[in-house]
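Before I ask anything, let me first share the structure, which is written out below as structure tokens.
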Amino acid sequence: MSMSVGVPLELATGILVLWFLWAPVSLLGTRFPHLVRGFFPISAGAAFTLSIAGFMALTHAPMTMTLPLGLPSLPFHLRLDPLSGFFLILFGATTCAIALYLTGYRHREGYPVELRIGFSFHILLASIVLIFLADDVYVFMLSWELMAVSSYFLVVTDHHTEVVRKAGFLYLLIEHIGALAIMVAFAIMRAHASQGVGMGYTFHALHKATLSVDQAGLVFFLMLLGFGAKAGLLPLHVWLPEAHPVAPSPVSALLSSVLLKLGIYGLLRVLFDLLPAPMGWWGLVALVLGLVTALFGAIASAVQNDMKRLLAYSSVENIGLITAGLGLALLFMAHDMRTLAALALAATLYHCINHAFFKGLLFLGAGSVLHATGERHIGRLGGLIRRMPLTALLMLVGTLALAGVPPLNGFVSEWLLLQAFLGATAFSQPYLNMGVPLGAALIALVAGLAAYVMVKFYGIIFLGRPRESTLQNAVDAGPWERAGMAVLAALCVALGLLPTTVMHLLHPTIAFLMGAHAPQALHLTPGLLIAPLAVRDATYLPMAVLGVMTLIGVVAFVAVRRLFLRRMRRARPWNCGYPVLSAQMQDSAEGFGQPIQHIFATFLRLRRVVPVPEDAAPFYESVVEDPLWYVLYLPIMRAVGKVSVAAGLLRHRKIAIYLLYSFVTLIALLVFAS
Amino acid sequence: MNRATLGLQGLQLILCVAAAPLLIGWVGLCRAWFANRSGAGVLQPYRVLKKLFAKTPVVAHDASPLFLATPYIIFAATALAGASVPMISAARPLTDAADVITLAGLFILTRIFTALAAMDIGTAFGSMGARREMLVGFLAEPALLMVLFTPALISHSTSLTVIVQHLTASSPILYPSMAFAAAAYVMVLLAENGRIPIDNPGTHLELTMIHEALNLEYSGRYLALIEWTTAMKLFVYMSIGVALFIPWGIPRHGGLAHLPWALVLFCAKLCIGGIALAFLETILAKMRLFRVPEFLGTAFMLAVLGLLLRFLLRR
Amino acid sequence: MSNMIFLGIVIVPLAGAACLGVLGDREAAFGINILFTLLTSLVAMAMTWHVIHAGSFFMAGLQFFINPFNIFLVDLTAFVTLTTAFFSRAYMRIERHTGRLNPARSKIYHAMYQLFSFTMLLALTTNNIGTLWIAMEGATLSTALLVGLYRTPASLEAAWKYFILCGAGIALALFGTIMMYFAAHTLLGPYAGLLWTRLDAVKTQLDPYIAGIAFVFLIVGYGTKVGLVPMHNWLPDAHAEGPTPISAILSGLLLNVALYAVVRFKVLASGALHDHWPGALMMGFGLTSTLVAAFSLARQRDIKRLFSYSSIEHMGLATFAFGMGGPLANFAALLHMTVHSLAKSSIFFSSGHVAQKSGTQDMTKMSGLLERNPGMGWSLLLGSLAILGVPPFGLFASEFLIVTAAIHQAPWSVPFLILGLVVAFAAIFQKVQGIVFGASQIPKALSPPSLIPAFVHLALVLLLGLYIPPILTAWYTDAARLLGV
Amino acid sequence: MPPFTQVINMLAALFLLVAFAMLSQRRIVNLINLYAIQGLILALSISVVAYGTHQNHLYWSAALNGLLKVCVVPVLLHRLVRTLKVAWDPESLVRIPTVMLLGLALVIFAFHVSLPIAGLARTVNHDTLGVALASIFLSFLMMILRTTAISQVIGFLALENGLIFAATSVTYGMPMVIELGIALDVIVGVLIFGVFSFHIRAQFDSLDLRHMERRDE
């Protein structure tokens, strides 16, 4: 195969190797903590370089490279194309921020963060890069599982508590199941590929695989299963709300921002790059699955009281949105509506990168809060905006971005997604024409819920009065941590204000994904005005929105100050004249979520912890459990248990019985043979 | 965009900001008439605003900057929304900047800030109001979007300008789906502006109030700004309704020629709208809070139905 | 003839057995043991060198033959016996201090250790199916003593089970051998009729019926020693109750050798029958073993029992792959045999130390290994990850190849394979996690455990996952071709 | 049919008869004697075959087997029984008549299996294969049904007899080396069993396996 190595690929590989080599060094963490800690900024730099490489790769022709490793006649094939390039940008930027944050991060247990995190963290980073670069099945699966295991070790960093171990186990198990599904799917493709170079395991060979309709469908199903398990699609999302909360916050940030996107990357890579042209029902399945996931995630996150759990469920929601966009794109591809497909893809990719940034920011912020207060339960926090103003400010950006309000980035991708939905009016089947707008309705509902969730999250944690006396001595995050968060916040704002620039960057990736179908994909306006289809159809100019708003605001402010010179007077809160004012009067986390619980009671399983009357410090708590546990998982576990009991019945303690087994087997086979 | 369109833009912004209290006053007056009272006159809201501006603002000790910034932010956002709705002319720059989806986004923005500000002080009523406001919001916003999507699908565009141009292009056509959308829109309007039957702007009854609970802690100029914003919000909603459902008469292109006529027509429409609103508020009774989701759910369903009808009954 | 010297491969361990039968009770016995295994592996290396340069060859007339198929197994055996000897030096010393290994037992232990390696190497290198049988029987007898070494009720029961079940099984295998000989001796005459190479040459002319019957007896017979379900019941007890080094070589080597025997006869049988049902039979056995073992894993509490079941599972996989046949599957199976024996013996090293430290083999009483004994903890953790087929370890490569081959040749079997793998993963990892993580219950190891062998094995497994040396590839490929379909 | 073939068939029949007898016999001493008789028949048949086919190495094999299975092993076993004082085998799980019926079924099955082979065997005494197989099955059955260690081992040895019988009757015996090896294994096996039985006795003060197996884990 052609060895067209390019600078970006060399850069990426170099950094990959650097991280792989560095990881063992961090095992010396306990001896030279400063050495290891000092490497985190270097990693940040490396990550930044990676994103540069990604940028270069967007416009560069695909670059390939083979390393003399791996199976016989199947060396490692590496490849850097616009798709990997885009995800390298996402990964690089997020990781840069997280690494900065990690530099200043001290876990409250005070165990050697260098030792426990340093090693697995760098292995994880390296394996992720390898996933993006992988160009044959073996490398892909290898790095995929490596990613799973190293992230598992990060999740169980704090392995002394039972919960953490359980979560980690669940995480790794589902990861593994997904990986096996992916492996089988690849194997099916390979079985029908031209068994050329590398035993037909290279993506190049798979690309030429000639699959029947059913086989392709099976592959699609398995891939959806496998990558869905990684991304956290229903019903395989259960690991996500378990693993994210227990992991150290920077790790949760990485999990949520980057690792979930790996599932999306895999889906894009397989469905658009490797598999032949999609069938109609694929898109429909993905779309429906995505919408259901989004709605479920939104509802579930609204009733969570553990802040990281809440964020985790909101990640489920966002992944649902992304998958919905992806499904829509498939649908359009199948019906040969290329411009709309391009639009849907744009929305998908845009939301990927947006979610990476604001969710990363929120998790880091949550980490700082956790760090400062040692408390994860929202209902025990409050009023932190006065204790940690900078974190609060940065978090506000993330909150608004996630809530999807202009002029921040979350809004842009939702806007694009809705545009894609609205464009879908010309399907041949009428039921699609009617069904797809319903999707738009669901998206709108989800957006509304997201706003609700974010008000709950921010309002209860940062506003109001501190609900616990211990919060009085909370301190703001350190400079490194602030820097990490600031980077992400800045990116959120930038992506919100400069959509056209982003669209220009997305364009090569989209063109690559649509391959033969590539239209002059999107209508890219030169200025700041984003109009993906045509200026007539839909336009959005965030700069103007922000500009006019600030203008009006400033004018109003100045005018009011000019005309009415009364100085503001501080006093006790009025509170309708009620004299006593205690923190217990505010809504608890449960209280704020109560309406949602009330409305969607059927989707949820509630477990209330009601304090006894003579409780000195009563604390009402209602835990919402994932209904899918009871619908799906517990039955499966019971079934496995039953079977293993049955297998246990094979073991008597009598030698005679064992001899009988052999004898019967022999006789049976003889009957069979003669 | 030439100077004329810019001028129109500015004019409309001013119109929206200035005339908003007038509409509130008008509605109040109509309500009084329906109730056989002689009302306080249409200018009453301006007097209230003047009084509030003149007062010394009293703010809680530990109010955060967020609390103080909120009135300005929501004021600006609502004004922007108003500026981007075609009222007296269709063709203006800001409609390109903000289409219907962005409008909905701006409303969410105001709602979020209002709620956050209400939670800032940490009073019981504040958080309660915030919760209820968000409850109404997360149900009303989707309904609003659905309503907006129906004309958007009819005219294949989410830009209000294009919608208006498309609708006014031909002589009045009756879209059945628009009828549903209109019904849903009225319900959303009632909910979003805290009118009966969702909320009663007249009272401060703690257990039922939503909107008033949010700005209990505000006073002086801050309260004035908030009240003004509320008025503007109603104004904007009204004019969106006008633009969507009775757009005829809005000039399709810039140019000052049609301006006076358009202005008169617009005011007339608003007057009628105000009367209708007052009438509705008079005949309806405030409903219990638990029934609000059902009410808005109905609105949502109506809007979706309208959307579907568009496909069922197309040609 | 020059390469007679390579008979040393069997003579050295035999001499070792004799020598240690005399000196076995001395303190030096450990060293002597290592010395002899070292010599053996030197001979093996020389032999390897010869094979690489001169290709496969015969010894002692046609009685012994070395070809790519068995040379790597010979090397593997020599290597693992060597590392295990090192391990047993550290391990059995502690056992001796705790008094579980008195001089008499030490004598038996060392003598039998050498005898055992002798029988295995003999079984691997011989070309005579009769001798093969004798070697297997010898292996059974020698290990029966080793399993019952501690004379505790449990160990005696295990040893008895082992003795009777494997004895009966082996007897059946002898009948199968006789039938095979019977089928051949009319073609080849009385002496050549037992030589595998000759049989292989005329395999297509063997009488199908007799060959079929013979193969049934052989697979049930030798299959007992491979640990195929339902003849597997001796295996967990034998592994759990014997001294750990013995468990290591049982799992790591004996099972391989038995499987090697089965495969040899499968070649003959499928040649004679002109159809695939010997292969199908092996696939059936393999799949059943994998599934049953995987589901049995969940309920184990004894750490060595747990991993012995996992051995059954992996042997099932290898058997399945051999049954499928074809270059890819055979390649995968050979690779799987290699990496499994390396990884599994390494696991037994570490888990043996763990059991020794915590004074019990009950996993529910172990936790927090990483706390005070990070070395053991990591070796156990990494070992189990390796055995579970997690990359970058070699088992991932082999399982990857097996699954892809299965998709190609026997798609119906894939769901069962996946099910087995998943269940095994869940069962084993949950337990291992409980051992290594959490708060420590296990006292710190006073005498430093010898984990170098364990880590050396793991390193090799890792290497095989990332990079397979060309020479090994060449052997595997030749062997795969040798085995045919 | 040449006379010595008749003789061999006769011996084969006897061989099978003894196998049956062992299956039904519960007194261990008699069991051992029966084993010795079986060994004798085996040796005889081997020598007859040797005579009939003029293969002298078979005489050696006959002598070896005779020595081993008529003298050495029975003597060892007798001594064992005396020292361990196990006279009777407790009632087995299945009643004797049932066992007999089972055995009969197995014999029929064995003949059914070996019939096609007998057809194409070019050796003179081909029918005996069925007998050999049948006796193997019977001994296996005995191993399954007996509950004392010692009678299980006797079953094992009988099984091995059947194998040798098969080897000699169908293939005129294996090469001498192999025969030696097998004989060696047998004797070692018996010795090891001796060792074990003492320890088992010491641990469970009985050779009844049910005591051993009742121990719970």
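Per-chain residue numbering starts at 1, and chain names A, B, C and D are given in the order in which the chains are listed.
Quick note on the criterion: contacts are C-beta pairs under 8 Å (C-beta built on N, C-alpha and C of every residue); 3 or more make two chains touch, one makes a residue touch a chain.
All figures in this text were calculated on a predicted structure; none of them were measured in a lab.
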item: Selected interface, C-D versus A-D, where C-beta contact pairs are more numerous; value: C-D
item: Taking each chain's C-alpha mean as its centre, the one farthest from chain A; value: D
item: Approximate Å spacing (C-alpha centroids) for the pair chain A, chain D; value: 70
item: Chain C and chain D: spacing of chain centres that average the CA atoms, whole Å; value: 31
item: CA centroid of chain B to CA centroid of chain C, Å; value: 79
item: Computed distance of Cα centres, chain D from chain B, in Å; value: 102
item: Touching two or more other chains - residue numbers and ranges from chain B; value: none
item: Shared-contact residues (touching 2 or more other chains) in chain D; value: 113, 116, 140, 143, 152, 209, 213, 215
item: In chain A, residues with contacts to at least two other chains; value: 655, 659, 670, 674
item: Interchain pairs in contact, sorted by label; value: A-B, A-C, A-D, C-D
item: Residues of chain D touching chain A in the complex; value: 93, 109, 112-113, 116, 140-141, 143-145, 147, 152, 209, 213-215
item: Contacting residues of chain D [partner chain C, same complex]; value: 113, 116-117, 120-122, 133, 136, 140, 143, 149, 152, 156, 159-160, 163, 166-167, 170-172, 174-175, 177-178, 181-182, 184-185, 188-189, 192-193, 195-196, 199-200, 203-204, 209, 212-213, 215, 217
item: For the chain C and chain D complex, residues of the former touching the latter; value: 128, 130-131, 133-134, 137-138, 141, 144-145, 148, 151-154, 156-157, 159-160, 163-164, 167-168, 171, 174-175, 178, 181-182, 185-186, 190-191, 194, 207, 209-210, 213
item: In the complex, chain B residues that touch chain A; value: 13, 53-64, 66, 72-73, 75-77, 79-80, 83, 93-94, 96-99, 101-102, 105-106, 108-109, 111-112, 115-116, 119-128, 130-132, 134-135, 137-142, 145-146, 149, 152-153, 156-159, 162, 206, 216-217, 219-221, 225, 290, 293, 300, 303-304, 307-308, 311-312
item: Residues of chain A defined as touching chain D within the complex; value: 653-656, 659-660, 663, 667, 670-671, 674
